[in-house]
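Input: one structure, supplied below.
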Amino acid sequence: MGQFQAALRYMARRAAVAFATLFVLATLLFILFRLVPGDPTLTVLSPALSPENQAELRQRFGLDQPLIVQYGLYLTNMATGHFGISFSRATPVVALIGERVVNTLVLMLPALILAYVLGIFGGALIAWKRGTLLEKSATLFAIVFRAAPIFWMCIVFIVVFSHWLGLFPEGHMLTPGASSDSGISQFLSLDFLRHLVLPLVVMTIYYGCYPLLVMRTSMLEVLHDDFIELCKAKGLSERDVVFRHALRASLLPITSSVALLAAYAVAGSVLVEAVFSWPGIGLLMVSAVLDSDYPVAQAAFLLIAVLTVMGNLIADLLYGLVDPRIRYS
Amino acid sequence: MLREETPSLPIIKPLDMAARAVGAACNRPRVAISLAILAAFFLVGIFANELAPYDAFVKQYDANGNLLRLLPPSADHLLGTTLFGRDVFSQLILGTRTALIVGFLTAIATSVIGVNIGLLAGYFGGKLDGALMRMTDVVFCVPILPFSIVALSILNRSTWWIITVMSLLFWPIAARVIRSQVLSLKERPFTDAARMSGARPLRIIYKHIAPNVLPQAFVHGVFAIAWAITTEASINFLGFGDPNMISWGTIIYDVFTSMVSYTAWWWFLPPGICLMLVVGAFYLVAEAYEEVANPRLQER
Amino acid sequence: MALLEVDRLSVGYRTTEEEIRAAQDVSLTIEPGETLGLVGESGCGKSTVGRAIIGILAKNAAVAGGSIRYKGRELTALSFEAMRAVRWKEIAFIPQSAMNAFNPVYRVGRQIDEIFTEHQKLNAREARKRTVELFKKVHIPASRLDGFPHQFSGGMRQRALIAMALALKPALLIADEPTTALDVAMQDRIFSTLRRLREETGSSLLLITHDMGLVAENCDRVAVMYAGRIVEQGPTHQVLNAPCHPYTMGLKNAFPSMTKPRDETLISIPGSPPTNPTEMVGCSFAPRCPFAEPRCSAQMPALGAVARVHFAACHRVDQAMVMRRRAMERTAWSEKEDVLSAAQ
Amino acid sequence: MKALLGQVRKVRTVLVAAAISLGIMGFGRAAERVPEITLVTWTKAQYPVQYEEATALVDAWKKLGVSVKVEPLNFPNPLLDRVFKARDFGAAILFFTASLERLDPDFYTFNAFHSSRDVSGGWNFSGVRDPDLDKLLEAQREEYDLAKRKTIVDQIQRSVFENNVWLVMVNQDELEAYNKTNFDAPVLPKVSGFNDPMAFFKIKPLGSQKIVRWGSQISDLKTINPILSSDSSQVRLLYLIYDTLMKIGPDTNPMLWAAKNVKTVSPTKVDVSIRDDLKFHDGTPLTAEDVKFSFDFLIANKAVYYSAALEPVESTAVLNPTTVEFTLKRPYAPFTTQTLSMVPLLPKHIWEKVEKPTEFENANPIGSGPFKFDHWKHGQEFAVKRFADHFSPTASDGLLIVFYGTREAAYSAFLHKEVDVMDRLLANQVDELQKSDFVQTVRVPSTAADTVVLNTRQKPFNDPKFRAALNLAIPRKEILDEFYEGYGTLGASVLAPADAAWSDTSIKPPAFDIEAARNILKEAGYKWDSSGNLLYPD
């Protein structure tokens, strides 16, 4: 029980640090966006745009306030999860962004989970089969593919699997007009799955390479450990030795990679979304930055940062789960 | 990517380590091939101007003054031409130079930052350590690609800014590894001896401790080269790159936006393959070096 | 019929550069209920022999010759699955360091349950019942079953290991340096536990150790290994009281014994074992041996009988008495040490 | 690297220049070198063609001894900030899209050259301040007689052309394609093609696909609240749902739409009577009250996009349930083509209840247009359905606009028959598409223009001779052939030939002639130094 409480206390402290991190990031972001050259009021492309109109718009956007007031408002908006109102749309930012985050997660989470599952079991398998053709080719494959730029791989996959073979759609999340519903049910359709396959496969392969290689190295080390010898001496089958004992004990280095890879994947989702026209948060952020829509860009960026920070937290939590020797102190 | 482990290493000079790494490479075809690939790309990068058959920025015309648009590979144009008649092979060669410059400058800058922060935090500890490490945490959580996009929309879209932004984002990993190493190094007898003899802290740090963390810094540096090249290509692919510089990422982006990626394979495939080879080779070399620098990782 | 007969066993390790013989022509027998000590410095190949018997050699190692017969069955010829059935049920194994013998990420109880579920096909409930009984036998509270290995003390882990080893009443137990990391008091407790449990199961024991004291206290017979070969073998009291090989004499010196006054400081053998003994033509101990003669480094001595059940491999075995006396003196060894260090 | 070399070279030339000028100072005043000029253009990422055009200009102008620094800027910002507000540029390549509302000559003349528009946000990029021109610009605004107005407009075009401030390079054709096995497009508006909602009102299903799917290159519709409308590509979608009193017809002539009759009572009084069969999508009849409300409401809430069109309106009054009287501040000739065809008719009963109109999402827009709102999935699609009660019902069952965000995604969707209509194609795509048997490609000569705008506030652009030389040194033919594969016409007047009613076709595109350009410079007293750099006249 004490351990559990310690873990809770530890997590609480970590969460506090995460919050502080986000606060610093948010402030940094605020400053950054005030430095962006370009007047957001100019995005109204009317030849009639006059200084009076601009003043009006500036007031509408709240840009006429002193910076410190803007900053205060910005922080309150964030703290209340409101994020303000988009410059270019009447939509509250939060409504705009909520959908997009879901779309991003719906692609990224399965991809990361699959990448790790495949990486872990694949890595264990090839470490066990060390020296075989399987191990050599899988290792080479992973070495080559983790080095490939993901956006390029995405295009290669599109060219091969949709353009030449016509197996999957080239992009987007749903066939146009397939569903007018923007709730959860759209993710349950066959159509969605068809659109999901290609980006999911690319991301899984791409992000699976690293866990695969880490797992292989870690397994090779663990397979030399004394307890493996005992497991063998106990008369366990090789499969049990490898997949029950060695695999579980080899997970430590891989969990410490979760945070890094998750952060990498969150950031990289911008690229995948761009190639596949996936209506996710990364794509929204890019277009908001280009459109000088500060509230949307800030919120999107912040949410991406939140995902990164959460990836860190989850990695920490996993570490504790995977390694019973970790004590929270 | 690095492991956050503190190897207890003997005091070894990085050059010796490099020599050992090269020696070890000879036993491992994978690393030997990587080094050969890198050597080839280095030569191409250095002699880019001499090797490029055409000016990569200039449109090519045939004898009748027609633009040589989307030509497949031929003896005149080894890798064909682009939508606006530029020589792909020459662009690829110029891109090599960009990739290497970006990789190395970023690696050097980010290692310098990371190592110094790691050294100072690790050696002085206390409040300085706390402050530096919190800063490290914050920077660690900055999503690299989105941040670069925002930053580059403020700054000029130049390769130098891209290098700067990446250098400012990549260092936390190095700082953490170096710091934890310094924590153990500063308890070693030789540090005590230096302290006893009245050496000032900065002298102890840079004269006595720093040489011992160089191997780790070097490992990080080589990894950073690979990350930098990939990230720069990604930034270019999102259209935030330097328009006056040809990089592999820009080439891929040009094909993609011209919508000919499925026909003009000669234009689309080479830059990706180059990225794959160079980045992959740097990863392998970094890992091989890491094994030497950190004996615990040596394959048994 | 002996329980285990190892006949001219050779084991080779393949490294990137060369092949190293870790064991060469090793012959041993163990009778039912008997305890055989296998002693030698670390790296002499004694652990390799133990692992070869139970068939858990490292991937780059293989039996290169000889035979291992257990109850008349040739173990080296068994299929993997057949060998699997022999392990633990027939021959159990206590590895070198109890410290790392348990998988750090699983609860100890679960790792013991596995024996019953694997070999006796018990279900989880029944297996747990047996494990609880086992723990009772070695005086570990059943509540600790749900602990992780790192939450166990060294002694506790070792006892758990012993309990586990004898759980299936194996005919033979191979213990590889079972108490290396423990203090003397703890060692005694462990060995008394081991004895107690063996009385129940009647298991034979192959005790692999570098500790002459342990051999003296626990073994019926002893085999001394050096550089992959057995250099002396015989009943414990004979070998220890009247060692016939200079290496055994040196080993004996290196440990406090009841035969010598407590206050005397220990004498250790200078130098270190050869890295690749296969390359050596003569006696592999010759470079360190204070009694070496020219023929020693030219010709390999054979294992010959010095008494009815006592064998030794030394050219000067006939001068054993003289050597024994001289070996008690520090100078005999230190002279050699000077020579060795001068040679470097 | 090239940049670095460029930097080095620049520093070197500066040093050399300094050394030379120091050396010459002893003998007399040295002629000053024409500095490197900055050419602002679009990023390669957003508009590759406009970026390429800049590089073509660099090569051409180099032949005059003028060095050019290309500065690709992101649209909208910081490009707009530099050109529309800070006016911090030498020359800028701007890209004007075609739309029917921009056909009235007022749009590209008054807005672009009247001195009152030389304010932050105004479109007088060049900083033209010419009292005579101002007078002409004002006169055409007030002239209701078409023939007389045309004469004034021609005068303006000529004057602007000779002033060489807006150097129109190319008027490119609008290239479009639709799936001809699914649909027939009997009415394709001139100038804008599918960029005009009218095309979608008339498109006819041929098979089972009754809903037209349009692959849009914009990443999302931003808002359906007209107060917040920001640009023409966004506004055009509003007109699917909202009626206007008049429309620019497919033949580019103004036509009555919701209005039954428009009577110019006096130069400042216009009476508009509306049809009596107008109905909002919720069944409420559309009355003169709604018309008056729409104008008053948009004026009161400072709907920026419409502010130019609404500015001349002094007041509105309901004369009877079907007639509204507009009182203008001054005579305003574009009233029908601009004001009446642009302002959407809003349902009073809905909008008058909105508390904060600028923050109103208008999530379920009710209009009276031929299509009624169906659904909008942000960043994915926007769908409207046929409104059967409309006076001019659509031939299709509805329209689905799919937001692809990029041309490439929309294009591949079109190839895969995921969408039926695609606009704004690149030339090389048209060639590719013509090979497919299901595709009808459409080439619409349009008023879209790639124009080099010169900033006369800065040296050397303040010199008309210098500007004239630059204009002659634009390789128009090369640009049209290489970047548009010939799909378009060479640019001349600011009013493109496609604007048939107003364009002065006697203005011919200047031929690319470096020699002539150098002669102009020579005559104006410019010189060249030994390495061929242009020097200012003494």
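Letters A, B, C and D name the chains as they come in the text, with residue numbers starting at 1 for each one.
Going forward, contacts are C-beta pairs under 8 Å (C-beta built on N, C-alpha and C of every residue); 3 or more make two chains touch, one makes a residue touch a chain.
If you're wondering where the values come from, they're calculated on a predicted model, not measured in any experiment.
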Practice item. Work out the mean Cα position per chain and let me know which chain is farthest from chain A. Key: C
Exercise for review: Take the average of all CA coordinates in chain B, do the same for chain D, and state the distance between these two points in whole angstrom.
Suggested key: 44
Exercise for review: Calculate how many whole Å lie between the centre of chain A and the centre of chain C, each centre taken as the average of the chain's C-alpha atoms.
Suggested key: 54
Check your understanding: Centre to centre, by mean C-alpha position, how many angstrom separate chain A and chain D?
Key -> 39
Review point. Which residues belonging to chain B are in contact with no fewer than two other chains?
Key: 153, 238, 256
Point to revise | chain A: positions in contact with at least two other chains | key: 36-37, 158, 163, 224, 274, 290
Point to revise | Where chain C touches two or more other chains at once, by residue number | key: none
Point to revise | All touching chain pairs, where touch follows the definition stated at the start | key: A-B, A-C, A-D, B-D
Review point. Can you list the chain D residues touching chain B in their complex?
Key: 1-3, 6, 43-46, 48, 51-52, 55, 70, 72, 74, 77, 406-408, 411-412, 426, 428-429, 481-483
Review point. Can you list the residues on chain A that touch chain B in the complex?
Key: 17-18, 20-22, 24-25, 29, 32-33, 35-37, 143-153, 155-156, 158-159, 163-164, 210, 217, 220-221, 224, 253, 256-257, 260-261, 263-264, 266-268, 270-271, 274-275, 282, 285-286, 289-290, 297, 300-301, 304-305, 307-309, 312
Review point. Tell me, which parts of chain A touch chain D in their complex?
Key: 36-51, 53-54, 56-57, 60, 85, 88-92, 96, 99-100, 158, 162-163, 169-177, 180, 182, 274, 277, 279, 283-284, 287, 290-292
Point to revise | Residues on chain D engaged by chain A in the complex (per definition of touch) | key: 74-78, 80-81, 84-85, 107, 111-112, 117, 119-123, 211, 213, 219-220, 222-223, 225, 228, 230-232, 302, 304-309, 311, 358-362, 374-375, 377-381, 383, 400, 402, 404-406, 409, 412-413, 416, 418-419
Exercise for review: Provide the residue numbers of chain C that touch chain A in the complex, in ascending order.
Suggested key: 51, 54, 56, 58-59, 80, 84-89, 92-93, 95-97, 99-106, 114-115, 118-119, 148, 150
